[in-house]
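Naming follows writing order (A, B, C, D and E), and every chain is counted from residue 1.
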Amino acid sequence: MTDKTGSTGGRQEFEGSLAESDTRVARFENGSRGMAGTIQHLLHGNPTLVPVIVLAASVAVFGLVAGERFFSPFNLTLIMQQVSIIGMLAAAQSLIILTAGIDLSVAAVMVLMSVIAGNLAVKMGVPAPLALLVAFAGGTLAGLLNGLLVTKVKLPPFITTLGTWNIFFALNLWLSGAQSIRSQDIDAAAPMLKVFGNALEFGEARITYGSILMFATFGVLWFLLNKTAWGRHVYAVGDDKEAAELAGIRTDRTLVSVYMLAGFVCAIAAWSSIGRVGSISPQAFYEGNLQSITAVVIGGISLFGGRGSILGALFGALIVGVFQSGLRLAGVDVLWQVFAIGWLIILAVAIDQWIRKVSA
Amino acid sequence: MTDKTGSTGGRQEFEGSLAESDTRVARFENGSRGMAGTIQHLLHGNPTLVPVIVLAASVAVFGLVAGERFFSPFNLTLIMQQVSIIGMLAAAQSLIILTAGIDLSVAAVMVLMSVIAGNLAVKMGVPAPLALLVAFAGGTLAGLLNGLLVTKVKLPPFITTLGTWNIFFALNLWLSGAQSIRSQDIDAAAPMLKVFGNALEFGEARITYGSILMFATFGVLWFLLNKTAWGRHVYAVGDDKEAAELAGIRTDRTLVSVYMLAGFVCAIAAWSSIGRVGSISPQAFYEGNLQSITAVVIGGISLFGGRGSILGALFGALIVGVFQSGLRLAGVDVLWQVFAIGWLIILAVAIDQWIRKVSA
Amino acid sequence: MTAPQPILTARGIVKRYGRVTALDRADFDLYPGEILAVIGDNGAGKSSLIKAISGAITPDEGEIRLEGKPVRFTSPIEARDAGIETVYQTLALSPALSITDNMFVGREIRKPGVLGTWFRILDRKAMEDFARDKLSELGLMTIQNINQAVETLSGGQRQGVAVARAAAFGSKVIILDEPTAALGVNESRRVLELICDVRARGIPIVLISHNMPHVFEVADRIHIHRLGRRLCVIDPGEHTMSDAVALMTGAKEPPASAQAA
Amino acid sequence: MTAPQPILTARGIVKRYGRVTALDRADFDLYPGEILAVIGDNGAGKSSLIKAISGAITPDEGEIRLEGKPVRFTSPIEARDAGIETVYQTLALSPALSITDNMFVGREIRKPGVLGTWFRILDRKAMEDFARDKLSELGLMTIQNINQAVETLSGGQRQGVAVARAAAFGSKVIILDEPTAALGVNESRRVLELICDVRARGIPIVLISHNMPHVFEVADRIHIHRLGRRLCVIDPGEHTMSDAVALMTGAKEPPASAQAA
Amino acid sequence: EDIGACLVTKTDTNPFFVKMKEGAQQGAEANGIRLSTFAGKIDGDVETQIAAVETCIASGAKGILITPSDSRALAPVVTQAREAGLLVIALDTPFEPADVADATFATDNFKAGELIGQWAAAKLGDAAADARIAFLDLNPSEVSVDYLRNQGFMQGFGIDIRNPTDIGDEEDPRIVGHDVTNGNEEGGRTAMENLLQKDPSINVVYTINEPAAAGAYEALKAVGRQDDVLIVSVDGGCPGVQNIADGVIGATSMQFPLLMASKGIEAIKTFAETGERPQNSEGLDFFNTGVELITDAPVDGVPSKTSAEGLGMCWG
């Protein structure tokens, strides 16, 4: 050890004074911030509040514009019914987006599964519970296909689901022959398929089981994401997949499980959609993929993965529902509704960005 | 300098032997590779070859399946016509995707600009060249809006263009009153709008100016991307924006210029589309956004930015065109065509992934 | 060096990345209770070697034995379950997750009873307490909030979390890939102290470093890696830093004795 | 130290990131022809300081002067145009682009004549020749192909490209943020030699490093940064490494003489 | 010799077009014709239809049956086909102008709307004077079937329609509002809910087609209003007729897609063999394949058939 000249116990000599070194590390300072700054700072700590506030604000604005009809218990519960399906899809979509993916096929999976359940239960006389089980298995399998393409073939999720979207769309047309299954036929053969259309009524308010299912789905997923190890792994994988892998997470297995769960949620949404629509329509929800993404991003979940609360997607879906209902009640043309939703997306995410700015 | 005990000219003593150090750095070895490995290795060096080969293979296969009608000069030039508009959109889309963005609004911008040109020239009697100039300016402006939202408001491109897509779609319905402008009316008032529908004929072959325009557009963009500093900057920004910024590129300015150029290309595509369709239909090309993305990814341009040649998108568009034409000629149902395109996307990108694997 | 049986050995490990051969029949031996330093030029294959040992990459050829039994890890989690903890050069922390979450990732503690077994609910309190204990036990840093996101920590603090995680859970072997590369004098010193503490607990350590004084200070043996394989192993008590540098840069041939070590 | 006029000065620079104050009224002086080392603990604000000077971040307060004239850079390109070249801690190379492209990014050479002025065509040959010249002139590495993508280079080679770029274009000041952090003994030595070569050409250099022996070997003056500001400046000929470490870690108060330096 | 023919429909997602395809396939088999079928992916998918027509030309077919997605935008390519010597027949949706095609075999969509309008007015009797009417239309694009049926209904009901190609320029106070359904159940339900929100006293619902009507019914049922609202529709698909029998829909105007297709195939065969082109119906610029009002509650002055009769001929 000839190089250790002048060293103290192996150390290099210049390190001798380290024992006396100062231990202060971080300093904080509170300059003056101004009104906007204060709000920004407040929300920065609780980013999930942002969509809640946007929701409250839109409810308030439309209440003013569209009058008391907007505020009626009937209308408020109606909005919940109307967003219940897109809300469920947004829940599935959030799972995928949290892993830094995107799923263009959620609505196609849902419609395909409703067609499968309907074909089995109504046209082929299979008992409804069995038909539903097949649909659930089918949704999970569709998710498995997406998940395997993403993890094993290593295709980007956007491309994977662009491809499977086309595939599921074609299968749906093929299985349904483009024919809807009528409400009355479902009632006769398998009323169970429509159970989520039933409602609890409190005076004017009609809370369908479908709306409750949506809230319950978000609740369960929130629980899984926040209270279990699996949930932490989902966030870790979305945050930095390579780091998660090295830290000892089976990232591929986690990803596949996420896609399968999302597919399963789509299949549940399929069941709920039969209750909501009344019949089984292979043509419905063509825009559901993009609508679910819209809800998720308005809800403040980052498209880059790993950040955001799944509850944001619930608020995002509700915000869109409130907007559409409010604009319609205010007598705005469909055309300008589309226009307004465009700006809503941009504004909501812009606010979110502003809140999250590091310099908050 | 008491610490420099034993040092030679300031160096730490243990560095004394560095002068004699070995200078070998990299070693290469050529193990046996097998057939697949050899091909993979070959293509790894020239990734742009992949879509070319896929294109050649699909032409060959459909030639066998659909017979000589497929190979007729008429049909082959027809395919070029048929992909000319999606091809132009794919060119615009490539620019955005090279910067690690994505543009869901390209087709909406194009349709909006064709409606604007038509309204001005046909309904309001503005001279056609002026009407086209307004459309070009409009397309560029639409790109500017996207670009500013991405750079200044820092919205993810996906969200920005999801929002502006809705906005442009609504404007389009509003300006057109959802009514197409008839071919005869264009012929009467502003035949110049339809000039790209004209063709050079060689026997059966009909090469429209629109197809030529598509090739020319790819040529010009290829030149810009590969031969000018601006092109290098586009790649650098797409590769690693932060590094590019630190290395001295005005990344925001580069990004905005890319979005504006893409918007401008969409406006040119609008002109070409009037010639192609023959009339101005506000409903056309609703799926154009996703179709352009499909062409780009089949062409091997990475959705993560910075990698791939814009010529890939041209081949990607042609591959889709060949597939569709071949399937149609072979009498395959639309349903199964959609199904096949779904698998085509997955397969093409899977092959590309395999070729690019580092272990090539 | 005196222990008869190495705890971890590797023989003839080969790993190719495309046309680059990162590991070219590399050997490796780690004995119980020792600090083994691995040194070598940039690109010599040090990180590749420890990745192969820790399951982060699967070698193309070669054999790895842990306590004499052949093992074949296909993921870091398997190596971890076998008691090998690694701090990678890139740290492998999830920026958006909290310190606690990062420390426990992949081995979370669940609540006792039904809540844990059936509902699989995490026992946050237990995890936080454990994490706080470990961090202060190592005296490595003054973390204000055990639940703050790792991305809000300084580089040195992050390195500390990664090292603490390895030290807390490594039961058989701890591997550190350049743990002090980005650290200041002060912070580096603390990491070196931690390494000595861990050895004192009887756990052997593999330390990759470019810092010769550090290496010569703490290492019991030095594995010199060159051109993808182990060139030789030297005893820091018998060789100078100059020798080590000369060997690792190819300025000098290894002595016959060292080759066999 | 003897030159009367500093070439680059900063006074009272403040930079806040949210609630963290990275720079707290920091000062800075660089004299012509010198190597100024900047040392300090992790998180002391060294990188933030040089980012403020080189336009990568815009300070909230404070004044920067280049050759006596106040400047306010809003992007690295402006600092570069003013003759300040920086090698950032993260290197700032585009992995998929070639070595040549990376060296010339933002200051490409165009073909002479119409092709260049009108069609803005790049003169690849000129750029490649220049890049090859610079790399071999610096004797820094044996690059096989000047057009290979930077991502195919080893860490040390990358660092070399970044340093070569700065050395080739820096006309007034060159700033290097921990250029040897990840480098081996051999590679570090070459970078230090390069730094001395550049000084020999009369260009002043700012060197951030945690490696005390390196700092004391090449620096003419040492700027000690602590808690977001300049604590003092010392002369390596008059102070020991121990002094420097004690100052930078807060174990010792700066001497009155050093504070004024 | 081998005669080729093509059928190009708007989409494959609508039972109406699936039926039409069946009709064409049967006709082709019966007449020994080689049939290729094409469709857009979604309604309004102009470019896929253009490509389909072009492929037909390339494939050497003798004639094309097409339901144009955009009655103006498809005109140029169809003209091109005719110039290439093909017979082009528009089915279901006329071109603008209709003579772009050699012939049009279609329902009189205005008439279809008018019939259900007349029926609804007669059914309400005096109450028609203060009816509350909801209109469930197709989509924001206002294509011709959309406005023809909508305006036809108004005409039949006795509303001043103003511009006959514009939906929504009317000022009759009985109109509660318009909303779009995309012609499916989900859209029908949501649109109905929305209009009910605007005015809960709606008692007449016009719907663009029967899936939309089925959706509207679900919305009404949810609020217990299904029995005091008249729903009228257009199409006459078998599920729609069944819905008449089940009391979901009050009356619907039946059209005959199978007939359109089979007549179209025959016309192509005749043209291929003799060069003779089909004739339009007297006084119309298209060949009227007829429309039948189906209801189980007939009213005076509007001839109709019952659902039982309807089931025997639905989409025949």
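Quick note on the criterion: a residue touches a chain if its C-beta (ideal position, glycine included) is under 8 Å from a C-beta of that chain, and two chains touch if they have at least 3 such contacts.
Keep in mind it's a predicted model, so treat the numbers as computed, not measured.
Visitor: Expressed in steps between touching chains, what is the minimal separation of chain D and chain E?
Guide: The fewest touching-chain steps linking chain D to chain E number 2.
Visitor: Give me the set of chains touching chain C intersected with the set touching chain D.
Guide: Correct list: A, B.
Visitor: Using C-alpha centres only, name the chain that sits farthest from chain B.
Guide: C
Visitor: Measuring between Cα centroids, which chain is at the maximum distance from chain D?
Guide: Most distant chain from chain D: E.
Visitor: Find the geometric centre of each of chain A and chain C from their Cα atoms only, then give the gap between the two centres in Å, rounded to an integer.
Guide: 39
Visitor: What is the distance, in whole Å, between the centres of chain A and chain D, each centre taken as the mean of its C-alpha atoms?
Guide: About 46 Å separates the centre of chain A from that of chain D.
Visitor: Quick check: how many Å separate the C-alpha centres of chain A and chain E?
Guide: The computed centroid separation for chain A versus chain E comes out at 38 Å.
Visitor: Indicate the whole-number Å distance between the mean C-alpha point of chain C and the mean C-alpha point of chain E.
Guide: Each chain reduced to its C-alpha mean, chain C and chain E end up 73 Å apart.
Visitor: Residues touching two or more other chains, restricted to chain C: which are they?
Guide: 43, 154, 185-186, 212, 240-242, 245, 249
Visitor: Which residues does chain B have that touch at least 2 chains other than itself?
Guide: Answer for chain B, listing residues that touch two or more other chains: 2-3, 12-15, 18, 21, 25-26, 173, 335, 338.
Visitor: Which positions in chain E are in touch with at least two other chains?
Guide: 12, 42, 140
Visitor: What are all the touching pairs of chains?
Guide: Between chains, contact exists in these pairs: A-B, A-C, A-D, A-E, B-C, B-D, B-E, C-D.
Visitor: List the residues on chain C that touch chain B in their complex, please.
Guide: Per the stated touch rule, the residues are 16-21, 24, 43, 212, 227-228, 240-242, 244-246, 249-252.
Visitor: What does chain B use to touch chain C in their complex?
Guide: 12-22, 24-31, 44, 358-360
Visitor: Tell me, which parts of chain A touch chain C in their complex?
Guide: Touch list, chain A to chain C: 1-4, 7, 10-12, 14-15, 18, 21, 23, 25-26, 227-230, 232-233, 235-236, 239-240, 242-250, 306-307.
Visitor: Can you check the complex and tell me which residues of chain A touch chain E?
Guide: Against chain E, chain A makes touches at 69, 74-75, 78, 81-82, 173, 177-180, 182-184, 197, 199, 206, 273, 276-279, 281-286, 325, 328-329, 331, 334-335, 338.
Visitor: Please output the residues of chain A touching chain B within their complex, sorted ascending.
Guide: Interface residues on the chain A side: 3, 5-6, 12-14, 102, 149, 153-156, 158-160, 162-167, 169-171, 173-174, 290, 293-294, 297, 303-304, 335-336, 338-339, 341-346, 349-350, 353.
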